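This structure is in structure tokens; I'll ask about it shortly.
Chain naming follows the written order as A, B, C and D, and within any one chain the residues start at number 1.
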Amino acid sequence: MIDKRIDSIAAAVADIPDGAVVMVGGFGEAGSPIELIHALIDQGAKGLTIINNNTGNGEVGLAALIGNGQVKKMICSYPRSSHSKVFPELYRAGKIELEIVPQGTLAERIRAGGAGIPAFYTATTVGTPLAKGKEVRTIGGRDYVLEYGLTADFALIKCETADIQGNLTYNKTARNFNPIMCTAAKTTIVQARKIVPVGTIDPEIVITPNIFVDRITEVTDPLVESHLIAQGAHYP
Amino acid sequence: MIDKRIDSIAAAVADIPDGAVVMVGGFGEAGSPIELIHALIDQGAKGLTIINNNTGNGEVGLAALIGNGQVKKMICSYPRSSHSKVFPELYRAGKIELEIVPQGTLAERIRAGGAGIPAFYTATTVGTPLAKGKEVRTIGGRDYVLEYGLTADFALIKCETADIQGNLTYNKTARNFNPIMCTAAKTTIVQARKIVPVGTIDPEIVITPNIFVDRITEVTDPLVESHLIAQGAHYP
Amino acid sequence: MSQNATGWTREQMAENVAQDIPDGAYINLGIGIPELVTKFVPKGREFIYHTENGLLGMGPAPDPGQEDPELINAGKKAVTALPGASYFHHGDSFTMIRGGHIDVCVLGAMQISATGDLANWSTGAADAIPAVGGAMDLVAGVKTIYVTSQHVTRDGTPKLVQKCSYPLTGKGVVSRIYTDLAIIDVTAGGFQVRQLAPGISFAEVAAKTDAPLLPKGKI
Amino acid sequence: MSQNATGWTREQMAENVAQDIPDGAYINLGIGIPELVTKFVPKGREFIYHTENGLLGMGPAPDPGQEDPELINAGKKAVTALPGASYFHHGDSFTMIRGGHIDVCVLGAMQISATGDLANWSTGAADAIPAVGGAMDLVAGVKTIYVTSQHVTRDGTPKLVQKCSYPLTGKGVVSRIYTDLAIIDVTAGGFQVRQLAPGISFAEVAAKTDAPLLPKGKI
């Protein structure tokens, strides 16, 4: 029986090397794999390129990974938030690179990367500074810019329920970038609130089919980022 | 309260004009909106361009629409089947045009059309006769052909359950092209085995969100194409 | 609508927007005044709200204590899901936006040009950290873009200009502007007043607009 | 495996393929001999089957009378869904194929060239109706393409050739061929025997191959 469970969170992220490109699921705190991120802080890989919509909040989760000096470059749409101090300070000090990508283009680039589409055209950014240096093509009388698919070495994913072979469901708006990131990484590592036997999840409601998942760990009672921030917590 | 129900199948397809581009859901008989197709035969629109993976079976459903002389052009991946005589005869007689598109490229062109992506690159067909006349571009050391998004004036869709505002679920492999076609047509017309009140379908299991649906009709006990063919049936 | 010598309030601006949105519309609302549109849905109409982080059928904020950290909107505030809602991933969410399926998007603005260019994401200042979110996708993909904003900045500088000096969000995308002083269409001939706020004169609006302004009814 | 003077049977060819597929592999099987692979899964291994019309975890044909016309495979035959299966639409199904997520695809062939070109969709005859289905997507996207086929056509014409005369399905895509006479790798140096069927000589295989054939173990 195929079984993709990994005993510990630490083991699940143990082989992420320095310089890896890592997609991190979540939009704000919803769907953010905070335990996997903290395990990556413990593990210590450096020079990472991180793909996420934001740059984390407070001094936990993604913000803590950045604050710990492990991230060389961020690819994101919105590197600001009301509780985010870590990224702005590093960015202004020239200690972290930033590739800003509109949210929908970021999503489509990830989806394209997972779907074997190396490049596509989109009207988003046409006529704006973010189109600078990009190929523009007129199709059917309208201008579009060329954008490239994005892939990663690893994806860190949070889901609600996983079966042991990797079929996944999500909780509400925690779905966000997680399913498309599962498709775009060589190795997809998932923290599930609950792991269930094969055959438990109705085939009609599987959101991420098991082909896109490599490793699963159970985190029954995950940390809640906004609660941690309210408490003034920091990691490590 | 938004309510997208239409009283009759005939009313649902009444305004499809001559020359319309119509996507028809289904792969083989699974997910084929046979009652909507028969209503389109009754309605009589001519010179249609039809987008479907196949060209129908026997002398019912899509094959009957083609046999009735209403179709000017087929866009499909596989215009043959064990019970399909109608299309081959018309094609050999030069009475119908054919644009052959690999199944995955067909799916992606429809998905792109629905997603506002006018064009994309894919490795499918590179080095084959189907790449003839297409732009080839080398990206990351591999060759890809340029393909364009597909949209339609109407989509005819079969689903399992619809709520009255157009959230849809499907049955097993009847899902196939239906959800992506819902996104790519100006007007999406759905036959549902069952129509339920708003709030009945769990938001987590909606496959087609209601934004992609315009009209819904209930067909509680749809015809089964393979049964009709076994009976030697033909339409009208 | 109560009269106000200094123009419309934020609530009245949102109400003006809501009046122009048809029954059954799918809507995406930006942060700030646009969010107030939900409070002024005209009688007999129903709007369905989209939030780009993967929810269609978004409802109001939950009661205090009922927040779910995994049910939030694009502004990362707790929301609810109404009956008929659906969840989906970011790829599908921007299929709705980029594919032209959302009917109306209401956004705030830093500047709007006479040709409908919108600047609302960056001052272009050297030390600013660029942050665009979904704004460029929305203006490129949604059928109708409405802007609602104060007519001038806090220091009195016009936001309606001949040409934006801030970096653009999109080119030629805005069709109508709802300010505290007037409702203004972006036409082939430039800015044109559609309606003046009670007690506000055309001359006052024209004086606070840094581009030619056409009166109502003229070409 | 029983010896057979005229080479391997269809079942033995499928068994040969199955032996080379690792545990846990995601597989897409073409129509004909490839479908027989499911009968020869080596002990201790588990394969997961994908069918391009939207099912992962496809199981065997149902018992007679248990068919569901809406649960079929890409060949439009009734199938079942195993525990752990999932349904998805065609866009997502070809994300699996084009995105390189399927490990192995086993296909039939009309011709295979010494550089791994595959022709299996059209004779190119003037009156043929072109019909490609998902074949071109599979060979372009799946990590490993195995072909299983009789070594020659019914009239004795070699299928392994220096250059395909039929229209291509894909260029340089086939990595290994399982025929009734031999298992043959497509290498940088051309066709190379990996294993001969019991009772079949290298000379016989070489004589029935319309391209240079390297013996096992050379370069």
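The rule is simple: contacts are C-beta pairs under 8 Å (C-beta built on N, C-alpha and C of every residue); 3 or more make two chains touch, one makes a residue touch a chain.
These numbers come from a predicted model, not from an experiment.
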### Summary
More Cb-Cb contact pairs, comparing A-C against A-D, go to A-C
### Query
Taking each chain's centre as the mean position of its Cα atoms, how many Å separate chain B from chain D?
29
### Message
Measuring centre to centre with CA averages, how many angstrom lie between chain C and chain D?
### Response
56
### Query
Distance from the CA centroid of chain A to that of chain D, rounded to the nearest Å?
36
## Note on the structure
By the touch definition above, chain C meets two or more other chains at residues 55, 81, 87-88, 94, 97-98, 141
### Summary
Residues in chain B with touches to at least two other chains are numbered 108, 111, 115-117, 122-123, 170, 172, 203-204
### Task
For this structure, give each pair of chains that are touching.
A-B, A-C, A-D, B-C, B-D
### Summary
The chain B residues in contact with chain A across the complex are 108, 112, 115-123, 137, 139-140, 142, 144, 148, 169-170, 172, 203-205
### Task
Report the residues of chain D in contact with chain A in the complex, numbered from low to high.
23-24, 26, 46, 48, 50, 55-57, 81, 83-88, 91-92, 94-102, 141
### Query
Which part of chain B faces chain D closely enough to touch in the complex?
27-31, 53, 77-81, 87-88, 91-92, 98, 100, 102-108, 110-111, 122-130, 170-180, 207, 224-227
### Query
Touching chain A in the complex: which residues of chain C?
51-55, 68-73, 76, 81, 87-91, 93-94, 97-98, 117, 122, 124, 127, 129-137, 140-141, 167-172
### chain B - residues contacting chain C, complex
1-2, 111, 113-117, 163, 165, 167, 183-184, 198-199, 203-204, 206, 209-212
